[in-house]
Amino acid sequence: MIKHQYNKKSKISFSSAMLYLTIIFLFVPLFVVVLFSFNDSKGMQWSHASLFWYKKLIFESPSLWSAFKNSLIIAFTSSITATFLGTLAAIGIKWYRFKGRNYITTISYLPMVLPEVIIGISMLIFFSAVRVRLGMFTIFAAHTTFNLPFVFMMVSARLDEFDYSTVEAARDLGANESQTLRKVIIPTIIPGVLSGFLMCITMSLEDFVITFFVSGPGSGTLPLYVYSMIRYGVSPVINALTFVMILGTMVIAFTFRRFLKTVAASS
Amino acid sequence: MKGVEIAVEQVSRAYGTFKALDDVSVTIHKGEFFSLLGPSGCGKTTLLRIIAGFDYPDTGTVEFDGKDILPLPPDKRQSNTVFQTYALFPHLTVYENVAFPLRLRRVEKEELDRKVREYIRLVQLEEHIDKKPSMLSGGQKQRVAIARALINEPSVLLLDEPLSALDAKLRQNLLIELDVIHDKVGITFIYVTHDQSEALSVSDRIAVMNKGKILQIGTPYEIYEAPATRFVAQFIGESNIFPCKVLACEPYGKEYMLTVDVPSLGGEVTVTDYDPSEIGAEVDFTVRPEKVRITPNPPKTTHTYMNSYKGVVDEPVYSGFQSKFYIRLDNEAKPIIKVFKQHTAFLDEGPEIEWRDTVYVSWTAADGYIVKETDR
Amino acid sequence: MKKVLKPREREQLLGTTYAFPMGIWFTLFFTIPLSIIVLYSFLKRGLYGGVEWEFTLDAYRQMFNPSFAKVVIRTLWISIVATLGSILIAIPCGYAMAKSKYQTILLFLIIIPFWTNSLIRIYAWISILSTEGFINTLLIKMGILTEGVQLIYNNGAVVLVLIYMYLPFAILPLFTTIDKFDFALLDAARDLGATKLEAIVKVMFPNIKSGLSTAFIFTFIPIFGAYTVPLLVGGKDSTMIGNIIVDQVSKTRNWPLASAFSMVLTLISLVGVFWMLYNGKREQQQTKKTTQQSLELNIRRHHLRKVNSK
């Protein structure tokens, strides 16, 4: 027994060594980029630390910021729409049997499993077939489409934990359908709805492939801008942007986690 | 008497090919504590849900005081339900859970507060009034559910296995409380359970169900002492059941004295019954284990209608206040008879009976009974 | 008087009210676009993009053109290598995470890079691998190299970056299933005479099949449909099906061919998904008893072999 414990302490197992290497592998590229965002000169030759690229990012990149504004507009509008439609559908699918239920269930998972290129191309061809001009609206429609399955999935998962008797209890105690929805269902599933919404925001801010196909002139989002920077002349401003974006996502994620915890604790 | 009379007429409900309810009719009286008793899948919950409005029959009618209620949604019915899983609203406190129905009706503030507190007092939860359901124990949750279901002053309270998720001791206490509440509010209670002891102890009447049908409706005494079918005899309490054939049937006071041939007991047995039986009819002979006496020596009795057999203790099961013996009888069929022996004061106890002892089991004709519907 | 609905009609009405907005949205922006692709793949290409309404199998015939066939084969092998690479790395990682006390922190560490924008992650690799990149600069400074070596714009770089991008997709499902696995079974196997590796391969792997297939599909499908990675870190000979589709739409303007390739991608993805669902379901149906039995059987067989070889 004692010998066994000794053995365990004396060597790190193969699997945990792999795990630590993998974590290093995942972080090193980001770390390099962040490190060089504080480099004074261009390129990978370290000269000395400075905030030059951050100044450039904040004060001298108006088109980046307007792309970011587009990204935000798209993220919020599409996430709100997707959250609204997806939540209602999840409730309907979970609790009612009706014609078309199977169709909606199947179709709601597909956009999640098909490669992004397919979604992008099919929407591009669709929009040009029905002669809709590419622009903010088409991006909004595309983002709502790929966000919807995630809201639907997360709210459905939350509903699975939900005891349907509470809905019956509400009806039994005199609530009509809309009162039941407002006073019982929504308050109970709100954590699922919010995490779905947040997931939509992050995915929408991050999407490049689908947006690439359905964007038109003047409707470029931040990932599209980053793409053009990578493609046509890399500027270390990206390095600075990387760090800002990592910090941004971390802040959102942590505040949201805390928020979710308080919601969970209070219910 | 408050409450309503509920008439269920020829109600059937099928899920695909599975018949949950098969032509069920029952009338539940005003203010009655009525139990629907049966194993899981017997249709008792389906019947309750149809009365509550969560499910709907394929055919048949349900009436409250002569008025058809089937077209009404649950919120328009005079019934309220206590759910097996409590179904408390997790985001609301005890107070707000109980106040929920009143808030929906926009009851004026002071009236609401007075009533909510009154009903919380009724279920003795004053100390937990501001807690969320997640902080309550199972028994407390179920009390909240009961208060919440009663606050609307329904005419019928429907209870769907309300105690099944609780432990045995708590179940007993809550059951007594339920009975007290029933006496206080005086409305009709319909109580669904698979636990026969719960049903026997509090109900005014019981309907025993199996496979979508009601097998017997009666008082707890009738159900236990005169089960209508073999299933009822086996489901309620424990029974020794043997197939038999009626040999003779003669009037015996108000009842009838039957002589039946029980092959597995090795011959003729005498037994009384309320109704006459046809000679030659294939029926079941039954005797409850607690009515069988077990003695080390042949029973000294002059009783004419005494049935007595010799056997060996196959397995004694001691459970404190009583022991259960499996006795293998000394005949060709070697049947097993279950016997309960109550442990009483030391002096009355008699000689100890142990494993492999040779013993005698006996019962009088009045202790056995005949089950005509053998469900075979 | 308000009409009283029967419960079944109510259910139909309510379900419809709740679910149909999403149903209509998906029909409009998913089902119809996808149907258009199916339709276009059977039509004749228009002169300046678009299609002519004439049925033909030309698009599918063109796919067998050697230059395209090469791309399809390359896509297949790159995807398989990258997927298997990810899973091989992911298995020990998932195992270590499942055994670890610090699961939440480790999960976070795996997910954080994943939250970073995918383009930025690709960019990070470009700045590391390129001729003037981090590695080359470092090696030159250390005097190992005199001038930069091209580490990027080849298939190796594509595989590496694909693994980097989709590794979390493999780790997470494997971690979840391994976490649910009853490690006492491994001890039981060891007790009955299996070595550690044998115990893992013969007892653990059969029990985490659903996790393996989920991990496979979760990584394979997006890698198979990859577009950005081969475009940005691949060379001339790194194009994958995703790139062909985009080129056919935006440059060559051969919409039917793009549609036909999209059909191939879609079908392969769907087959993969259904295979995964089927595996998951079958594993669910397996009761604990059969797991126990197969364990015993495996070990008994193993013992017999050992005895025979002696």
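Each chain carries a letter (A, B and C) given by its place in the written order, and its residues are counted from 1.
Definition applied: a contact is a pair of C-beta atoms (placed from the backbone, for glycine too) under 8 Å apart; a residue touches a chain by one contact, two chains touch by 3 or more.
Treat the numbers as computed from the prediction; the structure is a model and nothing was measured.
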Of all other chains, the one whose Cα centre sits farthest from subunit A: B
Top-ranked pair of chains - ranking by C-beta pairs in contact: A-C
Length of the line joining the C-alpha centres of subunit A and subunit C, rounded to whole Å: 18
Rounded Å distance between subunit A and subunit B, as computed from the means of their C-alpha atoms: 55
Where subunit B touches two or more other chains at once, by residue number: 53, 73
Subunit A contact footprint on subunit B (complex, rising order): 52-54, 73-75, 77, 79-81, 83-91, 100-101, 104-105, 132, 134, 145, 148-149, 152
Residues of subunit A that touch subunit B when the two form their complex: 163, 165-166, 168-176, 179, 183-184, 187-188, 266-267
Residue ranges of subunit A in contact with subunit C within the complex: 13-16, 18-19, 22-23, 25-30, 32-33, 36, 43-45, 85-86, 88-89, 91-93, 95-101, 103-104, 107-108, 110-111, 113-119, 121-126, 128-129, 141-142, 144-145, 148, 152, 177, 202, 205-206, 208-209, 213, 223, 226-227, 230-231, 234, 238-239, 241-242, 245-246, 249-250, 253
Touch list for subunit C against partner subunit A, complex: 11-23, 25-27, 29-34, 36-37, 40, 50, 89, 92-93, 95-97, 99-100, 106, 109-110, 112-113, 115-128, 132-134, 136-137, 164, 167-168, 171, 221-222, 224-228, 232, 242, 245-246, 249, 255, 258-259, 262, 265-266, 269-270, 273
